[in-house]
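Consider the two complexes below, in which chain A is the common component and chain B and chain C are the respective partners.
And now, the complex of A and B:
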């Protein structure tokens, strides 16, 4: 491991004090003079034609300033796959048709929230109800209702991957295993509900404060839907209370706030309720996954055939990317000499599924990992041994996609086995106890460019001053994951400054450099970190020139910035303070401020990502065989995220991942009646809380990613993947119940135990 | 969730004053102790009372008192958190303290009350089954005077109690536990440690030389009110609680409850769990009885 002064150290987070003291300003905290309050009217039907809307009574209500419907807005569809306009399938407000319960139909802006709410009740909408489809099978079977006219099959996107000779591989396999898995949708359940506030200036330009992960994408899509120029829209991201993929698209309220601000000349704010978030908010994709794998007798993988249907809900949202990524994740962890993937994104009359922490991986890898464990069982091998045999290693190539430059997967497997006492516990099972493993690999940002941006993927501007300070400007969106802190650390390390020497301005599209594709796909540390380093290098070369000239140094000398000074390597006395060096450069430039732009776009790194993270997690559970209740006793995790920039932030990511994985595996689910979500509050949407968190141990493996800034790669999403398969395998180990359909519920466990007991009884009777 | 609709907030200083306000407000008035159920219902738009009468400023109403002769009295505004940690309750009525501690979360326990939990009359109320099993009595004061009602006549259905007109529950009292008696409450829900109860069971048992004497068993969240299971009690009364008999009693308890399928559990799962929790609760209560 390289030695750093600030990177890898326990540096307090940039936002910690503001959040702990309650002074952090989120979008809903912002109040502007004359501000109106907006509310959305949502469809009560899962699928219906809009026959007519009468807003006259709502408009007549005193205090109501503006009412709009799909009739009033420019007919411009939006969606994040701008490169493929046919995938852009959504209007801010429904035009002609509603496609899920909660679909936005009209918006009201009024002087206060109560009036806005009352006005919603005065809008009369005449609907003609249409038959709906609520699951994958009925959406694609013959004679299904069509949800979007442009898409008569209801399959909006498909994606194929194929390499190697799969048929030959299966023919030559000693053991072939086929399984069908289903996984359910869950909620991002970020603690800050979505909120947006728009202001229109006298020149007609829009400023939008919004709770988003993707300020630049919002700027572009908002401009196109308002039929404005991009630079006439300014998007500012205040503090954001979590996103997890649920805040990475332009949404109805962002458009409505801006459109109504323009129309009324007054600022307009929308903040969703928790009920709306659960009823109509984005979700993780439910999927049906068919997986067939082949092995040699010794456990060597020969090939995999992976066919996945994604339940997309009513609109594409980020479904196309999930369809694409799911296929990559299906083959990322292990060496499959041959692989075939077909993913299909299916419309249903339910709230749209979209990106959610792991973005296709929690589903694909739940199937992969469960099947590996089943195979280990049937091949008579230890699950970790089978994984070791097939694990990707540094230098491996995923055919046609990427080369794995750094990979600590095998080390992770060895480490968790050791930490958890795997051999001992698997060898001496205790009644009701079980231990299981789950692994992951994830991308450090996407190399794909469906947004079709003409800008770099990440950019940074660094300004330095003669008082020894620096100002970092970046469009990277800190949504609670801590990238403001990580980027400051990277800059401080590179310039040899202290954290307090660096001011950061982030995520304001009118102030921070174009562009950044946002906080998703675990991209910011690597992408934006590289952009920051690029800018810092440009600054440093100027400083070095100045110091070299000042001391009349021989040109062979190299320089460094350290401890607030700039000096030739090995000759710290022949140097200047950082501020003096900046002043020298500025003098030489006749007063021109010293600043530099940096950027990063992955090049020659395949279509998927510049770097992969890896890790393994072991869960130990205790199952009450009478009630089916699973108590997770402990987690052990070993992961490879390259250089750890901020250890506490990485540990925070792990804790948050475990909390989400625990819910995904055991307790969270939407209870649906057709297209209607019944559990729209935290009482009945069973998200684990602090009391449910088991103890956990973690080891950050010592790896270095050559493509990453100072060796770093992702740590934000991969960790959300292994928990569900690890728990599922531990539950199998404890009870014999093998979960192929998440979540693992007490009812399913009891049923399996009863069935296995009655089978035992049956075999006894045949013995007689 | 809606914003609160307009209402008038009244803070009487005496119970009598509260009763007067309740009487003059009629059906438009609601009493509030901790407000942890009431305010939620108002925010959800389920009710919109014109008057909310807080009991919090009535002095002495939050008293928790114990004597070896009269037993335990928990005042109407005594907090769940206080009941959960009260030394006399921990010593003489550990199951009552456990039920209070198992109710909701820290924040709710610091606001909500045991009596409020009873008056809300949810079939899933965590404090009802133990108090029922221990033979508690509610003390009621109204315009017509005072009356005491056994708790097992108090619950009439989901959200419905035996309170009439302008009546207030001023306290709930629990008799002194007889020697060699024990009580236990077990509950279960999908999330684990912090959740609304999907199934609960409380048992009160007196033991005489390893044989069950008096026995009361109540099942929560499996019927319109917490339900007593007299048939299950009968199976064990006068007998040693062997595993076989406990299992049989558990099965009988299922037959005596009327679980439904809702968001929190299916009827089928509830049926299975009633048997498990009922027999475990009796066993735990019996163990406590023998330890006393």
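And now, the complex of A and C:
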């Protein structure tokens, strides 16, 4: 492993002090003179035609400054798949029709929140209710109600992946099994409710402060929906209280704040309530997954046929990308000589599903991992042994699609088996106890460009000063994961400076270089890290030239930046301080400041990502067979995220992922009555609290990703994937209940214990 | 009709006219601009708005402002009033990596202060119980629990130094 000075060290977060003292400012904390408060009127019906809206009583209420409906706004639809405009299916406010309970119908801006709220009650909307569809099967059944006129099938997007001769593979298999899995939607449940504040500048341009993961995407889509030029819209991301995929599209309140600020000439702020977040907020896709997989007698995989329906809710949101990634991750982790995927994104009259930590992969991998464990059982093999036999390794390639440049998967499997005492515990089962494994792989940023940006995917500007400091400017969005700190570490390491020598300005579309696709798909460390290094190399080459000239060095010498100095390698006494070297360059440039831009766009890196992460997790559970309650005793995780830039941040990602994975497996779900979400508060939406968290042990494997900055790849999302399948397998090991439909509830466990062990549910297998 | 309440916030006296339905959270955030008091749910479930009222940790979103007459209130801004040195709880949250998005942080610190004031040497399960009403979606609570333990140790050491 390469030795670093700052990378890989326990460096406190850039913003920790501000957050600990309460001085960190989030969007809702910002107040501007004359600011109006906005509220949204939402649809009480899951599917209805809007016959008419009367806003006159609301407008007449003293203190109300602006009321708008879908009639008032430019008829421009938006969506993140700009490359395929037909997928852009959303207006900020409903036009003609509402498609889910909570769909935004009208907006009010008033001098205070109480008046805005009162005004909502004075808006009269006449609806003509339409039949709705609330699950995948009824949405695609013949004679189904059509949710969007442009899409008579209700299947808005399909994605196919195919390679190898699958029919031949199954024919030549000794063991073929088919299973059906269903997974449920869950909430991002970020602590900070969405908030946006817009101001119309004196020259008519818009500035929007918003709680977002994707400032650049908001800038572009806000410009198009306001019918303005992109450069006339400035998006600033203040501190953001978590996102997890739920804040990565333009949303109604962002548009309304900007539109109403233009209309009234006053700043307008919208902040959602928690009830709105749960009732109408984005969620992880529920899916129905059909998986057929073939093996040779010795456990070697022959092929997989994977057919998935995504319950998309009323709009596409990030569903199209999830449809693709679900298919990609159906074929990751193991070597499938042949593979066929068909994923279909289905509209239903429910709140739209979207990206959520893992972005299609948690669902695909829950199915994959559960099926691997079932197959191991039936083949008479140990689940880890079957995985080892088929595990992907460094250098594996899926032709024209993806190359795995670094892969610590086998090491992860070996490590978790050792840490958890796997053999001993599987070999000597204790009553009510069980141990199970789940694995993951994830992307380090997407190589695809469905947003159709004309700019680099990531960019950085580095300015250096003769006082020995530097200023890093990047559009990267720190939403709590800590990329500001990680990128500063990468720059400090590269320039040989200290953390305190570096100032950072981030996520302001008017002040930081174009562009950045945002904080999603675990892309910032690799993509922006590479952009930062690109800029740093350009700076260093100028500094090296100056030092070389100053000391009249032979051209064969190489140089380095370290400990605040710039010097020829091996001759630290001949160099200059960083600030002196900068001053030399400035002199040579007759005063022109020294700055450089760096960029990263993955080229020739396949269709998915430049680098995949891998890992494995073991869960041990105790199940009370009288109550069906699952008590997770401990987790063991070994993961390969390449070089660890910031160990505490990486551990924090894992620990948070376990909380989310634990909730996904056991306690979190939306209780729905048709299209209505019933549990719209934290009391009834049960995400794990501090007392619910089991202990956990982790090992960061020593791997190096050649495409990553200083060898790094992703650590933000993949870790959220293995927990549910690991718990499910452990519960099976403890009770014989095999979960094929998340979440794992006491009711399901008790029912399974009551029923005979021979019950096989919706699955079948053939052994030749 | 508005009522004028007098209260002490972070050591400073205030007289504020409030509506009978206004919450303490609104007064702290809107009237006093205290950004260390968050609003995560408004229903007393998430704990992000936790402040100390007369020595007790309470959800400011569930406390009516009119009931605050004569009370002493402490928020994260008042933990280390000089702005130079940090409170041991804040130091520990920073050092242990207990902060990610930061939205729960100030509420967590207030619950931690309430615990450590009552119980200077809590066990891990006592720490977990004390923040069971403070939700966090980023950290899995691990480093927060560590930080509270470490802060307790520091506070004990400094009070022992003072008393010896």
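Convention: the second predicted complex is superposed on the first by the 755 of 768 C-alpha atoms of A that agree within 3 Å, B and C clash if a C-alpha of one lies under 4 Å from a C-alpha of the other, contacts with A are read in each partner's own complex, and residues count from 1 in each chain.
Note that in this section a contact is a pair of C-beta atoms (placed from the backbone, for glycine too) under 8 Å apart; a residue touches a chain by one contact, two chains touch by 3 or more.
As the structure is a prediction and not an experimental result, all values here were calculated from the model.
Residue contacts after overlaying the shared chain place A:273 against chain B and chain C alike.
By the touch criterion stated above, A:686 is placed in contact with chain B alone, chain C being left untouched.
Contacts of A:25 after superposition on the shared chain: chain C is touched, whereas chain B is not. In the superposition on chain A, A:560 makes contact with neither chain B nor chain C. Using the contact criterion defined above for the overlaid structures, shared-chain residue A:580 touches neither chain B nor chain C, since it reaches no partner. When the two complexes are overlaid on their common chain A, residue A:626 makes contact with chain B while staying clear of chain C.
By the document's definition of touching, of the two partners only chain C reaches A:649; chain B does not.
In the superposition on chain A, A:230 contacts neither chain B nor chain C.
A count of residues in chain A touched by chain B and by chain C gives the higher number to C.
When the two complexes are superposed on chain A, the residues of chain A that touch both chain B and chain C are 273-274, 681, 683, 687, 689, 691.
Residues 1-3, 105, 188, 190-196, 263-264, 266, 268-269, 272-273, 276-277 of chain B are the ones that touch chain A when the two sit in their complex.
Per the touch definition, chain C reaches chain A in the complex via residues 29, 33-43, 45-46, 48, 75-77, 79-80, 83, 86, 90, 93-97, 99-106, 109, 125, 127-129, 131-145. Listing the residues of chain A that touch chain B in their complex gives 113-114, 117, 273-275, 626-627, 629, 631, 667, 671, 678-679, 681, 683-684, 686-689, 691-692, 745-747, 750. Across the interface of their complex, chain C is touched by residues 10, 12-13, 15-26, 28-29, 31, 188-193, 239-242, 244, 273-274, 479-482, 648-649, 651-652, 654-660, 681-683, 687, 689-691, 693, 696 of chain A.
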